[in-house]
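Shared chain: chain A. Partners: chain B in the first complex, chain C in the second.
Now for the complex of A and B:
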């Protein structure tokens, strides 16, 4: 039981990083970002590419992934999403859905991932099938480090948003764009930074997952729905909500898949049931402040 | 006044339209539906390479009764609905006399249905869903074993080495269903073996909960069914994480029987067994020639899929050489009379046990040793002794 709980926490930690990024984009900026899963894929691919070409450990190449995803995210927002945003939320959904298709198909080109599955494997890869035994509990080493990383990122993000000028500007631009402009905040630039930051978080999750999961162009779709569920579950725009939501989903899936007969085929159902219950009885989410 | 350029254009179109259709009389067309894009593109590529090699060899040796073979491939993207459209497109080309390909059970079943409705002979070379040759189709032939037949050699092994209990981790799709329904279910019941099945969804990333459940039964043998090398690898990774340690891990072909599994899983593939279609006898001259030629051309050894694809073209060429007329019905009749030896074993289409036009194909149990697949059972075909699972350390 404890093992199942810990397994759930480990994967929940990764879900939390992905959801953190989306809570900034969807929760704060109200942009329905259908490309969020693709940024996880880009993170996985960047990590794979750097390891294959340069032999650099995936946890060290997080710095590069962060920059790559940040800039792609910033560009996507500034060049396209910001224009669609003016016409309403639904348009951001359509635009990012189209961008998602483009990103998946570009990634499937032979020069990048190609149509097959890739794996980050290698004799000199510390994380390959690495398990740590802590007090009788087995941990997937890369997910365990990912869990610690999630905690650090949550802390940093909270401080950033509350204590730094840029962070405050980001919140202001999202809450009251007109008032933010009036006080001199460059709203388009700050919004682009917010989107880029959200994308960067998704990319970091990709690095963490790259040694445990196969890497292929359309893998992002597996994370997209989960990410939206977590963001709504935890409360739109709430960082602790995204973190807790991710952990709750991870643990629920783990228990459901392990203990409910036939549960493995329906593991997604458990998280969605929790999601329905929260929407019924607490629609603002666990940490939301009211609809 | 019509401009000169418009007249010139019209003239060019007229000339192009009146040019004879490219050497239609000198060519015999074979259609194939393959997954050229999508998650299964690796398989599509294998079959394309194998088909092309056979077609080139046959054409270089003079073709079939003086006519060259021409392969026409349509992409199924491994999706049945798109496979249906792809098959219909091939069928609408009246110059295509026979179909092959399909690959996945889902697409194969659809291709078979369309072939039967349109009265065009279809030679299945890999698709394993038993239903394709259990539906009384007259135009559908299968040279490979069905999923239900994949575990024939494994069952013989269990007859000699009865396991105390078996857990079968099965993929939740048509392929997994056939492996169970037509293969293992009745055998296990009749043999009195303690047998339980845990299902998982194809593409599922976190398989550890299943392995934890499997471990609670303390199985002597763990059978795994995976449609592709990705699932096959994720299963082994999860088995290690859960510390599931049976005497034998046995895959049932597909994902466990391709080089991609050894590449992705690395050390985790070592000693994993796979029960499925026989993949050729290296000691046979004809097979050796194919094996060496293929390895030289494509840089990797041919496996079960390549052997099947290559053999399919030769079976079709044989039928086309015997056909009374070059039309679809005559080719169908010639195919039904097939009785030949190939590098895939004997090929003869028979009706038995509810199957129609089904070849009694050979199956074996192979084992991954040092990244290569070696036949370990039956003994007469064994390239080496079967090795038990050595544990996770």
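Now for the complex of A and C:
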């Protein structure tokens, strides 16, 4: 019982990082980012190749992932998404859907993994199948570190959004883009930074997951749907909502898979059912300010 | 209306005469695929383009239609004309129930809601082995008939597809000229004003959803029978829903010609890119180009190709 709960919390922590990025992007520029899952994939790939080629620990290569995802995200926004924004929400949705096809297939080129599955393994890899035993409960080591990392990231993000000029500009752009422009905030630039930051969050989650999930080019869609669920659960654009929503989804999946007979096959349905219920009865999300 | 009718019939007759003269199996399969996607495009366009409810879950209508038709044909081999209608009706009825819940959502929330519904049905279809045979899929076991004619070769499938696509196109064109069609557009343009004029927006949207689901179910049924095999991953996935949107948006959202032009172009483009020598080195290379082209069209031609054509026409008019 407690074990199931903790398992759920651990994976929920990683879900929360992914959702944090998505909610940030949605909150500031009202773009539903269909490439978000692909940034998780990029994170996994980065940590995989850095470990394979240089033997650097996946948790240390987070620095590289962050930079890579940030710049790809920034480029994607300023070169494409910002231009499609005028034509409305559907167009940015479709644009990112097209970009997602592009990114999945670039990752499936033979320079990387090709269409194959791979796993991050190695003799000197500390995290492989490593379990920590804390008071009778076993923890997946990499997910546990990921959980702590989530907490730190959320803390950093909220300080960043409240105390720094860039963070304040982001919040201004989210609330009133036009007014933000009038007081001299470079909204397109801020939006680009936000997009990059959101992408970087997804990439960090990819690093955390790389030691416990199979790695392949199209894995992103798995996490994309989950991130949608969480973001709607917590209220679109709400940061505490995304964090809590991630934990709720992780725990629900874990309990559903353990306690409902035949539940493993339907594991992903539980989250979606909650998603629909929330959409129908509280569309502004559990923490949303109302849309 | 008369222009649409005339153009559609001329194109259809031209296709019916020209294609069998020049076609080999490869061309047949491209043309049939284009016709099928035209139908899907019209279906999505009705709800997403004309009524303004962008759905990311149209694959569920497609899948329900495909499974219904496949199961009926395998079990009792009813005439295809009846089977496809039943598939469409079932998709429509099931989704009317869904729509009742889901129309409480608006804008991007609606899109995500439909996405979630489609994913749920996808997972259920994969696990309900008794009905759908799970991931192993269902093979077509018997030779289907259409109004008494056996449909088995590509030529026969081509004529049926042409007939269906023409029927769907004309039906959509007719519908959008009727009072019902105008209410769809009214709800898209401004839901509150439409309500103020005495329209019940939920009823209007439900009508659009029903017809849209019906068309997708019908086309999905044909898609399944034409492929002679279906499994959950080729019917219920988000990928199929997104492809329907691409076809419509690239052609021109909210126009009759849009889905026709869009599917003709995209299917041809996919095939062309696949056949290019230097892209064949790796299987995923053509999809990279495809994704990039879609991005460029959306950025530089947000109204789709129909808008592009109109721009060219108005450019020449100015010259003259």
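Definition applied: the second predicted complex is superposed on the first by the 289 of 291 C-alpha atoms of A that agree within 3 Å, B and C clash if a C-alpha of one lies under 4 Å from a C-alpha of the other, contacts with A are read in each partner's own complex, and residues count from 1 in each chain.
The working rule: contacts are C-beta pairs under 8 Å (C-beta built on N, C-alpha and C of every residue); 3 or more make two chains touch, one makes a residue touch a chain.
Owing to the predicted nature of the structure, the values given are computational and were not obtained by experimental measurement.
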A:279 contacts which: chain B (first), chain C (second), both, neither?
-> second
So, A:57: does it touch chain B (first), chain C (second), both, or neither?
-> neither
Comparing the two partners chain B and chain C, which touches a greater set of residues in chain A = C
Report for A:222: first if it touches chain B alone, second if chain C alone, otherwise both or neither.
-> first
Which holds for A:254: it touches chain B only (first), chain C only (second), both, or neither?
-> first
Looking at the overlay, does A:115 come into contact with chain B only (first), chain C only (second), both, or neither?
-> both
Using the superposition described at the top, list the residues of chain A that contact chain B and also contact chain C.
-> 108, 115, 265
In the complex with chain C, residue positions of chain A that touch it = 30, 32, 80, 83-84, 86-91, 93-95, 97-106, 108-110, 114-115, 217, 221, 225, 228-229, 232, 236, 265-266, 268-269, 272-273, 275-276, 279-280, 283, 291
Would you tell me which residues of chain B are touching chain A in their complex?
-> 37-39, 41-42, 172, 198-201, 203-210, 212-213, 228-230, 233-234, 237, 240-243, 260, 263-264, 266-268
Quick one: which bits of chain A touch chain B in the complex? Just the residue numbers, please.
-> 3-4, 7, 11, 108, 115-117, 119, 121, 128-129, 131, 138, 140, 212-214, 216, 218, 222, 253-254, 257-258, 262-265, 267
Would you pull the chain C residues touching chain A in the complex into a rising list?
-> 48, 54, 101-102, 104-105, 107-109, 111-113, 115-117, 119-120, 123-124, 126-127, 238, 242, 245-246, 249, 253, 282-285, 287-288, 290-292, 294-295, 298-300, 302-303
